[in-house]
Amino acid sequence: MTVSTEVRNRTAGGIGESPVRPDGTFKVTGQFAYSSDLWMDGMLWGATLRSPHPRARITSIDVGPALKLAGVSAVLTHDDVPGEKVYGLEIADQPVLAFDEVRYQGEPVVIVAADHPETARRAAALVVVDYEVVEPVTDPREAVGHPDWKPVHDEPGERTAMSRDRAPVHPHGNIVRHQRIRFGDPDAVTADVVVQGDYEVGMQDQAFLGPESGLAVPADDGGVDLYVATQWLHVDRRQMSGALALPEEKIRLTLAGVGGAFGAREDLSMQVHACMLALRTGRPVKMVYSREESFFGHVHRHPALMRYEHGADRDGRLVYVRAHILLDGGAYTSSTPAVVGNASTLGVGPYDVPNVGMDCWGVYTNNPPCGAMRGFGAVQAAFGYESQMDKLAAAVGLSPVEIRTLNAVSEGSILPTGQRIDSPAPVAELMHRLDAMPLPGSVDQDIRLLPGGVSNTTHGEGVRRGVGYAVGIKNVGFSEGFDDYSTARVRIELVGDEPSVLVHTAAVEVGQGLVTVQAQIARSELGVERVTVAAADTQVGSGGSTSASRQTYVTGGAVRAGCAAVRSSLFERAAARYGPGEFRLVAGKVESLVDGVVGDIASLLLDGPVEHTVQWRHRPTQPLDEATGRGNAHVQWAFCAHRAVVDVDVELGLIRVVELACVQDVGKAMNPDAVLGQIHGGSAQGLGLAVMEEVQVVDGKLRNPSFTDYLMPTIMDMPPMRVEVLELADPHSPYGLRGVGEPPTISSTPAIVAAVRAASGVDLKRVPIRPEHLVAAALCH
Amino acid sequence: MTIRVTMTVNGEPLTADDVWEGESLLHVLRERLGLPGSKNACEQGECGSCTVLLGGEVVCACLVGAGQAEGADIVTVEGLGDGEQLATIQQTFVAAGAVQCGFCTPGLLITAFDLLNRDPDPSDATIREALAGNLCRCTGYEKILDAVRLAAERAR
Amino acid sequence: MRPFQFVRADDAATAVQTVTANPKAKFLAGGTNLVDLMKLGVERPDLLVDLTRLPFDSVDVEADGTVRIGTNVRNSDLAAHPAVRNGLPLLSQALLAGASGQLRNMATVGGNLLQRTRCVYFQDVTKPCNKRQPGSGCPARQGDHRNLAILGASEACIATHPSDMAVALAALDARVAVSGPDGDRETPLAELHALPGEHPEQETTLRHGELITGIAVPPLAYAERSAYRKVRDRASYAFAVASVAAALDVEDGVVRDVRLAFGAVAPKPWRAHAAEDALRGRPATAASFRAAAEAELAAAEPLRDNAFKVPLITNVVVRTLSDLAGETS
C-alpha cells in the first residue's frame, strides 16, 4: 500500500477540520432556494392585515370589500380558523387571528390570498375592522404591580405539552413568571463595600435578512405540505396541527433555505396562515413578509430593567448579590418563562457568590411580544452584573481583570441554584488570556476608521481611548427538566461502487453550519468521505430547536449515536466475513485492531444498505423550586470573555470600536472555521446592542420598523477581532464539545460599554448608547 | 395597466410581459425572469441584498422601477461565473467562510466584484467603505473582509 | 402600493406638460425616496413621469467659475467630478456622507433636494401628520422627536429635511434652475424650501408641474477650504443627527468671511446667517466659533429629547471651523 499512515488514520473532512460548506456553492451562485424564492405554477400570494392599535376590542370585521377585488381568492378571519384559535411555544395564548381583542400593534387580524402580492396587500387594506381602542399597558413596572396596573389578559393561557411545570401563569394578572433565587442568607448579610446600580437594556431585534416566508401546498389527502424557514419543524407542526385541526401526519414540513434566525423563527409567523389559505383555496399559497411586516411578525429580545446591589469585603471578594430583574414579555407568553429562567439562574454571572437574593419577573404588556433571541435572558443580566463588577473593582481598587479572576467560578463551584459546575469552567483563564493579548496600536491614521467613520468628523482631535472587559455565562440546551432530544436517521449504502452515507435529521440549518458538522461527524464515525445530509423535514423525528446553542451538542449527539448503531451493524458483517474481532472504519477501509486493514467498507455493503434511526437526549435536568430557585436546572454552561478597545469622540458622542478580543472555551472545536464564524457574528450582535440597535416602542407602537431606522452594524462599524479558542473537554457531552453560538453575544455588549465608560468618564446605565448620552453628560463635566 | 420590459440580463436579452408599473426591477428578475439570486430583504435600499450591476454600476434593484430598467444592461449574481467555473470572488467567499446563511451573499458578491474591478488592491478601509451598503447579520464581516482580500490576492 | 401609470419622458417640455395636466402626477428620477414612500402609502401618485432619460446629466464649469450641474447627475458621479472633488470639498464630502454606494449611484440632484422628511409620523400613514394630512395634528412634539428640528419649526410641524447635499449647497448660495408650464426660471436654493409655519404640507416653492433641471453653484474664492461634517448613529449609511457645512476665509488669524449651514436640525437646509455675521472680523479661535454657533442657536427651541442637538451642533461647528482655521493658518 502506498497510502501514508496519516491518511489511513484519519478520514478527510471529519471533526476538527473545516471542510467547506456543502451549500456554499449554491449560495454564491444564487441557486440556493430560500423560503422566499419558492415558486409553483398557479400559486397565490398571501397577505396579512394587522392591528394598528396596541390594544383594542374588535367590534366588527367586514371582509366584503376585499372579496370584491378582482384577483382575490380568499379573505379569512378568526372564524375561519379550523381548530384551536390560539397557539404558543410553551403556553397557547396567542391568537392565530385576533378575536375579541388585539393586544399588540401588528397582531394579525385578517389574511388574504390573491394572484399577485400587490393585489393581496390592497385587498387586505380594503377590509374594514372596527376597533374600540383601549388604553394599553406599556410600562412593565406598571404591569408587575404598580397600584394602577391593568390586566392585559383576563384569563390565563392554556398549558400545552411543552409547558414547563415550573412556569406559573397568573390566573388574572400580568406576571408570566416570577422566579426567586434564595441562596445563603441574602437578607441578613452585610458587607464592607457595597455598590448599587440601575441598568436598562433596550429592545433588540434579531434582524435576520431573510424575511418570514414559505409556500403551503394543499395535498390530495386533505393535508398540507409546507416549505418554510423556521427553527424547529416539529414544534411548528404541533402548533399547526391544533390550529388547522389536522393530525400531525397530514402536515408535512420541509425546511426551505433559511436567511438567518437568531431566535426570531422559534415562534410561528406565517405557517398557519399560509396553510389556511392553501386549504381554503385548494391552491399553493406563498407568503413573504416585507421588512416592515417582519418587525411586527416576530418576537424581539426582552427589554430589561435591572437593579443590582453587590456587597464585597475590602479585598473585593463578593459577599452577596441582591437583584431585581424585570423583563417585558409583551402581549403573549412566547418563551418568556425560559428567558426568566435564564436571567435568574445566571443573574450573578460566572462568579462565586455565597449569598444571593434575586427576583426576576417576566410580565405581559401591550408592547410587541418578546421571546427568543441569541443569549436570551443571559444577555440582559450580563449587562447588569458586569457593570456592577466594574463598579466594585473601582470601589476596592482592583482592575477589571483582577476583580473578575478573584471571584471567578471554577469547576466544582456551586451556583446560586445549588447546582455544582461539573465540567471545566475556565473563567479566570479566559481573563488572563485576554489580559495577555497585545493591545492595538494608537489612533488609526485612516480617518474612515475613527469615530464617525466616513462622516469626516475628526482627524483624531477630541478622541479618547478606553479599554473594557467582560465575561459571560450561558446555559447550553433546554433546561429546567425539559425533555431535550434529537433524532437522526443514518444510512450507508453503495452508490456506484463507493460507500456513501446519508444523514437525515429534522434539525434546522440557519447558516451556522450544522449541515457541515453533521457530515463531519458521519465521516469520522463511519470512515466514509462521501456523506450527504438530507433536507430537514418532518419525515424523520424531531431534531429539537436550533436555539440555545444546542444543535451541535444534541443533534450532533444523535448523529453520532446513529452512526454508532450503523457501525455496530457493519461490524457484525465484518465479523461474519473476516472472523470475530475488533474493528474500526477509517478512510474507506475496515481495519482489524489486530491485523490492520482487512478490507473495504464497500465490500460490507454488498449485502445491502444499513440504516438506523436513533433518538438521543442529553442528561436530564430538573425544574427550579419556585420560591428558592433550587435545582440542577442546566445541562451545560459555556463561558466567553471579551476585551473591547474603543475610541470615543465625546464632544460629538461618537464611538468607534477599534478592536474586540475574545476568548471562548468551546470544549472541542468541531469545525474551527465555523466556531470563528459564530464568535465573530455573535460579537457583532453584541456590539449592535451596545451602540446602536433598538426597536423603539412609544405607547405600545413601533417607531422604527425598517432598516433605515433600525440600525445594525455595517462593515464600517465592526472592528477586527482577535480570537482565542480553548478546548477543555466537557466529560458529559459528545466529543467534549460546548455550545458556541450564544456566549459571544453576551460578553461583547458589557465589554464595549465598559470601554466607553473608561474613555469618556460617563456613567452609562443603558444600552444602546446613543450620541446624546455622551454629549449631554460631557456638558456636565 | 401593464407594460412589457425588455433588458439584457447576464448577457442574454430577456423580456417580461404583463409587468405592473409598480413592480421593481428586483421583482421582475425574481418572479418573472426566473432569477431569484438577488435577494429581497428590506425593500428600501437599506441592506444591499438586491444589489445588481445596472449599466455597470451597483444599484439596489428593489428601488429601480421596472419601467426604468427598460433597455438596461443588468448583471446579477447568476451572471458572475461563466457557467462552468465560479468567479474568483465566489470561490473566495466559499473558501474564506464568508458565507453563513448566505442571504446577503449575492449582493455582497456584486458589490465586491465591482470594487475589485475598480480597485484591484484595496486597503481594508477602502473595502469597508465600499461594502458599507451591504448588511450581513451572521458573520460579523470578518471573513467577508478575508474573502475580498483573498480575491484581490488571487487576481495578482 | 396604489396602481399608477408609468411614462418615460423624452423631453423636458413634455414631462412638464404631462405632470401639469394631472394633479396626481409626479416626476420620478432615481426613485430612492419616492419609490420607498409609495410602498409606505405616503406618496400615492396616479402617474409617474420618468425623467432619467432627459439630457440633464452633465457638470459644466463656466468661464466665471460657476459650476452648473444637471439634475440627472448621479450623486456618486457628482461627488467624484474633479470640479467638485477639488473645488468644492464640502459638496463632495456631503454627497459621500449620504446613504450607500448603491444609492448614490441611483440618486439624482433634483431628487436629493426634494427628499421628504424622515419624521416617523410622516412615514406612518396610520398616524396623524400635518404635513401628510393637513390639519390632522402633530404627535411629534409630545412624542418621538429625538431626530427632529430645533430651528425653524412651527407648532404644526417640527420635521427636519434629510438631505446632506442640500446643506452644502445652502452654504454655497446655490441657485436652482426650474422649468415649468410658464417657462424657465431660476431661484436661490435658500428659497426653494419653505418653513412649515401653518402649512407644513407646502414644503417647497415649486408649483405643481415645475421641474428642477439643474443647479448652479456660483464661484466662492475660498471654497477649497471647506468641509462637511456629519454626526450619525453609526459609522456609515444613516441619516444625520446633526451636520455642518462650512467654508472659511481667514487672514492673519481673523475671519474675513465664512459660510455656515446646518443639517438635520431644521425643516430646511439651515443657512446660519447669524453665526456668519457674528464671526466676520473676529479672531479665528475656538472661542469665536463657539460664540458664533451660540448666536445662531439663540433662536433654537429644543424639545425634551432633541435638546442635545444644541450642544452637539455647537461642538460640530467648533470642530469643523477649528479644523479649517488650522488648514488655512
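Letters A, B and C mark the chains in the order given here, with residues in each chain numbered from 1 onward.
Assume a residue touches a chain if its C-beta (ideal position, glycine included) is under 8 Å from a C-beta of that chain, and two chains touch if they have at least 3 such contacts.
Everything numeric in this text was worked out from a predicted model, so none of it was measured.
J.: Using C-alpha centroids, which chain lies at the maximum separation from subunit A?
T.: C
J.: Of the chains shown, whose Cα mean is nearest the mean of all protein Cα atoms?
T.: Of all chains shown, the one whose C-alpha centroid lies nearest the global centroid is A.
J.: Using mean C-alpha positions as chain centres, tell me how far subunit A is from subunit C in Å, no decimals.
T.: 42
J.: What whole-Å value do you get for the distance between subunit B and subunit C if each is reduced to the mean of its CA atoms?
T.: Chain centres of subunit B and subunit C, defined by C-alpha means, are spaced 30 Å apart.
J.: Show the residues in subunit B shared as contacts by 2 or more other chains, in ascending order.
T.: Only 20, 22, 43-44, 46, 129, 132-134 qualify.
J.: Residues of subunit C that contact two or more other chains, please.
T.: 1-2, 39, 235-237 - these are the residues of subunit C that touch more than one other chain.
J.: Among the residues of subunit A, which ones contact at least 2 other chains?
T.: 118, 290, 453-454, 708, 713-714, 716
J.: Which stretch or stretches of subunit A touch subunit B in the complex?
T.: 18, 20-21, 23-25, 27-34, 36-37, 39, 116, 118, 206-211, 257-262, 288, 290-291, 446, 448-449, 453-454, 510-513, 673-674, 676-677, 679-685, 706-708, 712-716, 718, 720-721
J.: Considering the complex alone, what residue numbers of subunit B touch subunit A?
T.: Where subunit B meets subunit A, its residues are 20, 22-23, 30-31, 35-44, 46-47, 49, 76-78, 80-81, 86, 90, 93-95, 97, 99-106, 109, 123, 125, 127-129, 131-145.
J.: Which stretch or stretches of subunit A touch subunit C in the complex?
T.: Within the complex, subunit A touches subunit C at residues 52, 118, 121-122, 290, 292, 452-459, 461-462, 651-654, 656, 691-692, 696, 698-699, 703-704, 708-709, 711, 713-714, 716-717, 770-772, 775-776, 778-779.
J.: Hey, which residues of subunit C end up touching subunit A in the complex?
T.: Residues in contact with subunit A: 1-2, 39-40, 93, 96-97, 118, 120, 126, 143-144, 146, 227-239, 241, 305, 307-308, 311-312, 315-316, 319, 322-323.
J.: Touching subunit C in the complex: which residues of subunit B?
T.: Within the complex, subunit B touches subunit C at residues 1, 3, 20-22, 24, 43-46, 48, 51, 57-60, 63-65, 67-68, 70, 111, 129-130, 132-134.
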